[in-house]
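Given below, in the form of structure tokens, are the structures.
In what follows, chain A forms one complex with chain B and a second complex with chain C.
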Partner chain A sequence: MVTTDHQISTQENRWLARVRRFRSREGAYWVMLAPLLVFVVAVAIYPLLFSFRISFFKYRLTDPNQVQTFVGVDNYLRALQDPTVLTALRVTLIYVAGTVIVELLLGLALALLLASEMRTTRFVRSFLLVPMALPPLVVGLVWKSLYNADFGVIPYYLKQMGVSVGRGPLAEPAWAMPAVILIDVWQWTPLLMIIFLAGLKSLPTEPYEAAYADGATRWSRFIHITLPLLKPTILVALLLRTMQSFKVFDTIYATTGGGPGSTTTVLNFHIYTVGMTFFDMGYAASLANVLLVIIAILSALYIMLLERQQL
Partner chain B sequence: MYHKFCRLCHSIVIAILVLSIVGCAAPVAAPSAAPAAEAPAPIAAGLEVCQGQNLVLASMTDQYVAAFRALIPQFEEASGARLTLDELGYVDLYQKLIADFVGQTANYDLMTVDIVWSGEFGQNQYTLPLDDFMARDEAELQLDDILPVAWTLGEWQGAHVAYPLAGYANVLNYRKDVLEEAGIEPPATQEELLAAAQALTDPDAGFYGMALLGAKGPAVAQDYMVWVQQHGGRILDDEGKPALNTPENAEILKFFGELFNYAPPGSADYWWDQRETAFRSGNVAMMEGWSIARAGYENPEISSVVGKVDIAVAPVKAGLEPKFGFGGWGIGINADSTPQEQECAWQFIKWLTSPEIQKEWLRNDGAPIRRSTMTDPEIVAQYPWMPVLLESFEKGDGDYRPRIPQYSIIQDALGTHVNAFIVGQVTAEEALDAAQKQVEDNWQ
Partner chain C sequence: MIFRRSRHSDEISVMNRRSALERVVLTIVTILVVLFFMLPIFWLVTTSFKFGREAFAIPPRWLFFEFTLRNFQEVLATTKISQYLLNSIIVSTGATILSLALGVPAGYAIARSQSRILNSSAYFFLILLMVPPIAMLIPFYLIMRDLRLLGTYASLIILDTVFDAAFVVWMMRSYFADVPKEMEEAALVDGASRFAAFWRVALPLSIPGVVAAAIYVIIFSWNDFLFALMLTSPETKTIPLGILASFSAVEINWGKMAVMCLFAIIPALVIALFLNRYFVQGATMGATKG
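Moving on, here comes the complex of A and B:
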């Protein structure tokens, strides 16, 4: 009886020792990380690899036999020669430049305006966050009805003021792009305002005190102190919005459908058409990968700039 | 302290147990108290196979969905099956169905099938060919009563991949008060239509001759194809290859573009709902469109032109043999559903399209497929425009939008480039050349 007890306690000790050893080793970390890794692999890495793989195949999703024919880099070569893709790229760049520049300037201006801690500014700040909370699809639908040439509120007041609205902002080739950019600006400027507000709050006060003592004007304080100190924040905001803006889809889908003609057909909308209307998955995957590479290069550039700033 | 905590835990566990037992016991006791009169109705003859089946129907949110809502409970009562209705918008419906078919998940046993999807669904064997069921039950189906054109709602290469459900005719809706006041007869030809639209347009008063679909995408593509049909043009050549950029089609596109001069300025951005709003709000004299919307113009809740609207067959180009655009929806059965579900789904189709139920279907905003319902005195009394519909159906053309698997490619190309022409970015020839090239590049 004694021997058995002794054996059990020895075994227990060994087991405990093994667990302790395992805990202290890196293996434990892997066990803890495993669920997350499995999740990331399943929802991010696998689809990415799958999309990379099928971009080398001719693969129509609706094919009853699900035939996949290897075509090498044909899909990528086709993308480079496809006039619709080149137009879509140009349109995307205009959209990104328009939204990001306007939002940066407006966001910074709003942040400076609302930086003081007064009851009114606090109220206005929280009120400005409402557009961000809405899904882009809903925002698109609301703006589509606001812009409608015959029943919309915006053309109604424009007409009252004697401005000709023609076919309406979304159907006039010259106005469709500014009109969709305005929707994005309305929705996402508050995000930049928050980022800049956070940046402004974290600035040191000493340089301002010194500048005040030296008699610097408000403007020169802004140009020579605020802006240089705010540079890292501005870069973060720029990176974030550029990447988001490149991926725009919902707003375009809900308002213009890429029209009139191809005036607002951004790359992501074209990828959707190829993938979900033509079901040409191989080609759609190759286009999506082109977009991915563009965004990855931009991200790398910004991160490099950011690191240089911080050194 | 520890003991107190344990006692508290025990009390909570006991309370939960007691509550769950009471909760479970209540529904068990209920049936015994229920009066005998509420016992389930006997299963109707022929519908026994549906007893205990659980089906899901994916339906487009067109007007006829109201008829589904009204009739499905009747079917459930008669058959003992449970039929869930999933109402979806056009794009959502198409994409959810494709995902269901490709993944072979069979989430939907029954689905409404747009006339232009029949080629794609048939070729890819997504829906079950109904020919075996139809041959077996031919005696009950009264197939001769279904108008010949209605069979295009689901026929593909000799097989029936969907059964006729809701037939739509392209008709001319017009404001009889406005035309009478101007002394204009309802247009019988396209030339008269253009002249009337021109004469009735008064931009200063905010009143226009025509309402058209101009928005980029399916809207403008489908409206343009209506005009191609009415002018005797063609989308496909004799070999079934796309022939979008013929000189005839360019002339038709120019005519179509000219009509936009007499349409509300926002027409270049109109989808179906906005075109309907323009007509219902009384800003427009004429509109070509699907017959299913006709009843809505007499509903004061959504229309300010009650009693002022009449319909006529859609005008064709002078000298052409009259043929009218036909469209609408079939109802199909998922090829991946189980044989029992497929059998019950077929019983539902049979029940729904039977002459007796068809009258109920029409009374609840459904659209017709049978001659007997379209000539039924009660139905004609309720919908006096039924004879115009019957005439349109008898000379209907269900193929003016090609019912082929590549239809979406043609629609997308026309949707982009015809819209570019309407807003003045390109000429008619450039638009159709670009559309033809885009179709050829993507043809699979």
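Moving on, here comes the complex of A and C:
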């Protein structure tokens, strides 16, 4: 086929017009996104790079000359050998596993219990939303007084049941961890309940109708239909709460302060102590980066799950 | 779309088609659940109206006690509660306005754009949302110190906004994606610019989503403790810090502390009890929508 100059130019024009149209359309979107991108790069990315840099330095805020000495990966090597870090990691894993497992089971149970749209259940649900909206610090303070050995209501009722907790749940090594886990469960189970409620409501009806026709029991419908269909929601909720649980700080600060001993010193709290009580900034930054990597791996998994759910 | 209320939800509910015995058991379980989640809050509210000796009474007096407003009078007279509340209001307002102004247009752009780079930048904000605050706080503290901004409202508002805006983008993106494009396209055909289509057409249709996002941002910034702990000065302490600052570790007046805590939870109570539709929407969309 012979192409004339005229044809070429109109093709070119058409192509140019398309580029121009794309530009004007996409350009506007870039402009809408730009202010936030600039802000985030300045306020979030720059500090994270800064943190990456000082993690290779020995840098104590208490040093009158503010000397920063380059020490290579020493801070990271130190973290690997530091028994307090390993303890903090172990404590964190216990805390995360304890909170997430209990909250998932309880949240699912609550969602099933309160799934109907009757007025009473909706009323009850609105009350259960309150804990997750509260400042975690206040939640910590309230539970601290409930746990108080002298006048707290929890040790009192435990004593009535014949259980003695000595200096109170928060001060006894065997009780402190379950006690702080219970606070987390109290505050965050409702979040899982709402996520599961939304998941339950989006389930298709057909499998249930078929199961009905087959005369399946409620239990087998739950095990064979509801649970498998709800699996994506459960996984997303699991990862979300795991990441949040890794970052617990306020309630620990308000209740045990990491004690007794280091039984409730989670990694996040330990990093704060290293940075803000010992002012060992380089080391604190390296520990924070380790936590960042753990969370990054979890969030990569989380995003993969969300992506798959979308398809 | 958001929080589906459909008829078939009754199909899987546990409350229907039950024997009388099961209904009784489930009702009792429900009551126990409500008690578990409500008693700590009830305890906080009643303690704020109790005299000291009754707050400490063993066995605890849940319902019958001498009612007093003395704790409130003392808190207003002896602490800087009004200053702390004002600081919290300034910080929350600043963070809310800034993160909505930055996050809502960005969420719209990501939802409407055809560009793959723009679309996947949503995940960048999701990752940002997951960053452990302490990892951001240590360098941010040093930078603010060098800029001599420690103890200012601005430092706290800016750091809150990083996380708040990331949440707003993530939430508004999925909200706008569910808003039908037809009206915007009609406006574009009539010669409106992309910005006008956003501002005049899409945004007014999405007010409920913006409200839900705003509610979350208000809660995040009002409840924040860690950032305020390191970035505020005695003059700019927000309410959680103020509560701690008003009591020494040795002697705590629980009645007064309960009053301060009560002030600190007012926004949470209002939002959870009266704006719970938006609140639920924010929780489910922020967490699970891809």
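Just so we're on the same page, the second predicted complex is superposed on the first by the 267 of 311 C-alpha atoms of A that agree within 3 Å, B and C clash if a C-alpha of one lies under 4 Å from a C-alpha of the other, contacts with A are read in each partner's own complex, and residues count from 1 in each chain.
The working rule: a contact is a pair of C-beta atoms (placed from the backbone, for glycine too) under 8 Å apart; a residue touches a chain by one contact, two chains touch by 3 or more.
Given the structure is predicted, the values throughout are model-derived calculations rather than measurements.
Once chain A of one complex is fitted onto chain A of the other, the partner contacts of A:Tyr76 are absent, as it touches neither chain B nor chain C. Contact with chain C, but none with chain B, is seen for A:Ser126 once the two complexes are overlaid on the shared chain.
Once the two complexes are laid over each other on the shared chain, residue contacts for A:Asp150 go to chain B and to chain C alike. When the two structures are aligned on the shared chain, A:Val40 is found in touch with chain C, with no touch to chain B.
When both complexes are overlaid on chain A, the residue A:Asp63 reaches chain B alone and has no touch with chain C. In the superposition on chain A, A:Tyr29 makes contact with chain C only, not with chain B. Set side by side, chain B and chain C differ in how many residues of chain A they touch, and the one touching more is C.
In the overlay built on the shared chain, the residue A:Met276 is in contact with chain B and with chain C.
In the superposition on chain A, contact of A:Leu48 is made with chain C only, not with chain B. The residues of chain A shared by its contacts with chain B and with chain C are 150-151, 276.
Chain A makes touch with chain C in their complex at residues 24-26, 28-33, 35-37, 39-40, 43-44, 46-48, 50-51, 54, 110, 112-118, 121, 124-139, 141-143, 145-146, 150-151, 153, 156, 186, 190-191, 194-195, 198-203, 205, 208, 226, 233, 236-237, 240, 243, 246-247, 249-250, 253, 268, 271-272, 275-276, 281, 284-285, 288-289, 291-292, 295-296, 298-299, 302-303, 306-307, 309-310. Interface of chain B with chain A (complex): residues 95, 98, 101-102, 120, 123-126, 214-217, 264-269, 274, 277-278, 281, 283, 405, 408-409, 412, 416-417, 419-420, 422-426, 438, 441-442, 444.
Contact residues on chain C toward chain A in their complex (touch as defined above): 3-6, 8-16, 26, 29-30, 33-34, 36-38, 40-41, 43-44, 47, 55-60, 101-103, 105-106, 108-110, 112-115, 118, 121, 123, 125-128, 130-136, 138-140, 142-143, 158-159, 161-162, 165-166, 169, 193-195, 198, 219, 222-223, 225-226, 229-230, 239-240, 243-244, 254, 257, 261, 264-265, 267-269, 271-273, 276, 279-280, 283-284, 287-290. Looking at the complex, you find that chain A touches chain B at residues 60-64, 82, 84, 148-152, 155, 165-168, 170-173, 256-263, 265, 273, 276-280.
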